[in-house]
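One chain, chain A, links the two complexes that follow: it is found with chain B in the first and with chain C in the second.
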Partner chain A sequence: MTVARVRAAALAILLVALVAVPWALPALGATFWVNIVAEILIWSLLAASANLLFGFVGLLSFGQALFFGFGMYGVALSIEAWGFGFWPALATGVLAASAMALVTGVMAVRLTWHYFAIITVVFSLIFYFAAMSMKWLTGGDDGISFSPPSVFALGGHTLSLGDATVQYYVILAIVSACFAATALVVSSPLGLRFKAVRENDRRAALVGINVYATRLIAFVLAGALAGASGALFAFFGRYASASYMFYHVSGEAVVWAIIGGSGTILGPLFGTGLLIVFRELVSTVWEHYLLAVGAITILVVMFAPRGLAGAWNGLVAGLLDRGAEEPRRAAIPEES
Partner chain B sequence: MSDAGVALSLSGVSKRFGGLVAVDGVTIDFASRRLNAIIGPNGAGKTTLFNLISGEIPADAGRMRFRDSDILGLAPHEVVRRGISRTLQIKSVFGGLTVTDNVRCAVLVHERVMAPLRPVSSFRAAAARADALIDEVGLSAHRHRLASTLSYGDVALLELALALAAEPRLLLLDEPVCGMGPQETERTVDKIREISRRVDVILIEHDMEVVFDIADFIMVMAQGAILATGAASEIAAHPKVQEAYLGSPEDD
Partner chain C sequence: MSEYVFALAVNGLVWGLIIALIALGLSIIFGLLDIINVAHGDFFMLGTVGGLVVAVGTGSFWLALLVVPIVGLLLGAVIERLVIRPTLRQASLTIVTTFGLSIIVQEMVRATYGPQPRRMAAPIEGTVPVFGIDYEIYRIAAAAFAAVCLIVFFLFLNRTRLGTWIRAARHDPETATALGVPVTRVCAFTFALGTAMALLGGVIAAPITTVEFRTGVDILPFCFMAVIIGGLGNLQGTVAAAIMLAVLEGLMTSVLEPTSARILSLGFMCAVLLVRPHGLFAGATR
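And now, the complex of A and B:
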């Protein structure tokens, strides 16, 4: 067996498991957990957004919640104000987030490292306070509620988010499409430019890469991912609230991405899954459960610096490639 | 050099860092089809001059003509697109990528390919060119290794492959054999000599043996300015050069 085959098999198992969730969990008497898995899927896109920037382009953003918020309000306002259907509202959310990422990115990606991290926090704080105070538009902390339009309506049949199973599959389909698109981009020549900029921006410029434009493209794509996450979360919760634009939310996404494995495709999903499950199990019995999250983060960074996905890739490569002629390039988490 | 033309023409190029004049009114035509070398004591402004040419730092004054266009003020990636590639004194590659991905990246960038939804591996022609470049610099055995695991000499060769991927018409080499053992030095010098038959080369080098061995033309810099120019034999006998090198204790 080759590393590629093990990975393909693991991916297939993961997909089958995710598809089986709406039947399997209720059968096990855990109907409540279907929505938790849906929530994990949604939040994993925000983690994927932070990961696209940090893991693939080398930019640490603590401001992705800003675009999550724009995704939420894009959906909520377009449904409330213009009576948009499901798909146009989703597109509006993603586009609003991408446009915002373009506007802020033009300034932010001129900076790198801590300067970049700081400016992303600053942008998200500015818009957080703006959204909080513009109650007439955003509803502030209370947010605005809406009733979601049907996903499909054909003849007499409608698919509605009111059905938990339909809602789960709609979320799974959109999240899967986003991860597949990310995987495509990352393995394309554009993705190679991302990694070149991450590895060595000086050399990247000297082979002819426009480093600024490359970072800006990544920033907008990451904004779109965060926007998709926020848009889905708005549909899921039937409301949008400015409180989700706070930078704590961005920070959580960064932690999920790092624990899951930055620089991998599916790492953010694993990190988000682990920590949300942990939260659901522990937060009810221990209010200071975040202390444990901090400890987990420190342990992962110390003992599995490439996160869960990186550790898994290393394990697979180590078991299968031992003694093989090929050096251990598979230890670098590109896929999985 | 008669009809071969000019590889790069500098006139009055200057750069000042605060009170320090790093490059002081450098005016020179580097001829085409000739291996040009720049030597000079530490701090003479050689690398700064390269940084000015490659667009990494803006010049304060002067003109730079390359192939009938003024390249002064262009960003580094634009300078590369015009046909000037360079290597760095501290060898610089994409450490976390394999040797193959390093070179493929440079080839695909040179071909202006972005194609965000097509896998890198589907670009067969680019892959073939990358493989040819890897063979050319002699790294075929290390294709699948991460660049960060290569020996220093191999990193220098990989960097050379990255520079060549842009099909440059002028190659700037900043201390190409610095930090190399005798065998690696010999291999690299042979490679540079071979490349200089089809690409114009300007190199900075501290190893005088290497310089006098391969350079057709030498420009000596001291304190940001040109001290002397000429063929190797003229430079070796030049009293000012001897003074600059032997007269001050900080030089090697």
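And now, the complex of A and C:
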């Protein structure tokens, strides 16, 4: 077995498990957990957004919540104001976030290192305060709620988000599409440019890569991912609130991405899953579970900076290497 | 109306001096260890909570003013050893470690002190007429005390051997090591000192702000504005920027909502970051 085959098998198992969730969990008497898995899928896109910038281009953004918020309000306001359907509203959310990422990115990606982290926080804070004070538009802290339109209406049949199973599959389909798109981008020539810029921007520039444009493209793509996350979360919660634009939300996304394994495609999904499952299990018995979250964050940076996915990849590679080496070692005495 | 504007400006000056103290702590940590300490605002919050608890427990605010910063110095030394030093190699991830630290500090305070915001009685009561308005004496005393602390800090940095070591280690750690400066220990002390300054600012501010586990989240962006606009690592610039920003925001709130004033200063900070990334006063230090 090669590493690629093990990974393909693991991916297939993961997909089957995710598809089986709406049947398997209620059968185990855990209907409540279907929505938790849906929530994990949604938030993992925000973590993937932070990861695309940090793990693949080397820019640590603490402001992805801004684009999450634009995705949320793009959905909520377009449904409230113009009576948009599901897909146009989703597109509005993603486009609003991408446009905002383009406008802020033009300025932000001129900076790197700590300065980039700070300016992304500042941008998200500006719009957080603005959204908090423009209550007539955003509803401020309380937010605005809406009733979601149906996903499909064909003849007499409608698919509506009111059905938890339909809602789960819609979310799973969109999140899977986003992760597949990320994987495609990362393995394309553009993805190679991302990595070149991450490893050494000066050398990347010397071999003819436009570093600024590469960073800007990554920033807009990451904005689109965060926007998709926010748009789905708006549909999921049936509301949009300015409180989700605060920089603590961005910080959580970065933590999820790093615990899951930055620089890998599915790492953010595992990190988000681990921490949300942890929250659901522990917060009911221990009110101050956040103490453990903070400690886990620090310990991961200290001892496993490549995260869960990094540890898994190391494990797979290590096991396969040993498997490949053992027969060879056994073969030597036979030959001699 | 003009008295009102004046009061807002004085309020800004008082807050500016206190924030200058906290932002200086942030700035020396950044300058020497090259880390962005996201937990710095929570150390300030720890100072306000510690100030209130000690003052109520012992009945003496002045004891709190003495004890809490010393506790901060020890706490900073322990945190540097346990959390900061082991993760310094992952330089770009120190923001993440300090974010984890910030979560822990907030949650610890919420677990022990409780989630409700409280207010603290000023240790010096009474008001004094200043240009036609009755102004709280404690606020003036707080500003004066913060100013004294700032002067003592700069004297320490420029006139003592430890202060010289800090400046030397910041300027060129390798040469400093070669000349016998214990750079690792100087770094530890700098982190502890920065932490103690945040806690000291917290004790001074405790009687004029609400005391709860979230206060640090509000103060952190302001400290960062001061550090950035003053120029990262430019200590005098940080002080000047903190005072200038606080007074300007105070004046702006006479015509604008407080959030609009905050948005304007954040926008100003963006402009500084993009146009003069080494700060407003970059030319002056050269």
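One rule holds for everything that comes next: the second predicted complex is superposed on the first by the 321 of 336 C-alpha atoms of A that agree within 3 Å, B and C clash if a C-alpha of one lies under 4 Å from a C-alpha of the other, contacts with A are read in each partner's own complex, and residues count from 1 in each chain.
Convention: contacts are C-beta pairs under 8 Å (C-beta built on N, C-alpha and C of every residue); 3 or more make two chains touch, one makes a residue touch a chain.
Fair warning: this is a prediction, and the values are worked out from it, not measured in the lab.
Model built by superposing both complexes on chain A: chain B and chain C fit together without a clash. By the touch criterion defined above, A:Ala10 lies against neither chain B nor chain C after alignment on the C-alpha atoms of chain A.
Taking the Cα centre of chain A as vertex, the centres of chain B and chain C in the superposed model span 80°, given to the nearest 10. Contacts of A:Asn200 after superposition: chain B is touched, whereas chain C is not reached. For chain A, the partner that touches more of its residues is C, with chain B and chain C as the two candidates. In the superposition on chain A, A:Val185 makes contact with chain B only, not with chain C. Touch criterion met: A:His114 reaches chain C, while chain B stays clear of it. Look at A:Asn210: by the touch rule set out above, it reaches chain B but stays clear of chain C. In the superposition on chain A, no contact is made by A:Val277 with either chain B or chain C.
In the overlay built on the shared chain, the residue A:Ile36 is in contact with neither chain B nor chain C.
Here chain B and chain C sit at a least CA-CA distance of 10 Å once the structures share a frame through chain A.
In the superposition on chain A, no chain A position is in contact with chain B in one complex as well as with chain C in the other. Residues of chain C that touch chain A in their complex: 30, 34, 36, 38, 83, 86-87, 90, 92-93, 95-97, 99-104, 106-108, 110-111, 217, 221, 224, 228, 232, 257, 259-260, 262-263, 266-267, 269-270, 273-274, 277. Residue ranges of chain A in contact with chain C, taken from their complex: 54, 58, 60, 62, 107, 110-111, 113-115, 117-119, 121-123, 125-126, 129-130, 132-133, 248, 251, 254-255, 258, 287-288, 290-291, 293-298, 301-302, 305. On chain B, the positions that touch chain A within their shared complex are 54, 56, 75-77, 80-81, 85-86, 88, 92-98, 101, 104-106, 108-110, 113-121, 123, 144-146, 149, 159, 162-163, 165-166.
Residues 181, 184-185, 187-193, 195-196, 198-200, 202-211, 326-327, 329, 332 of chain A touch chain B in their complex.
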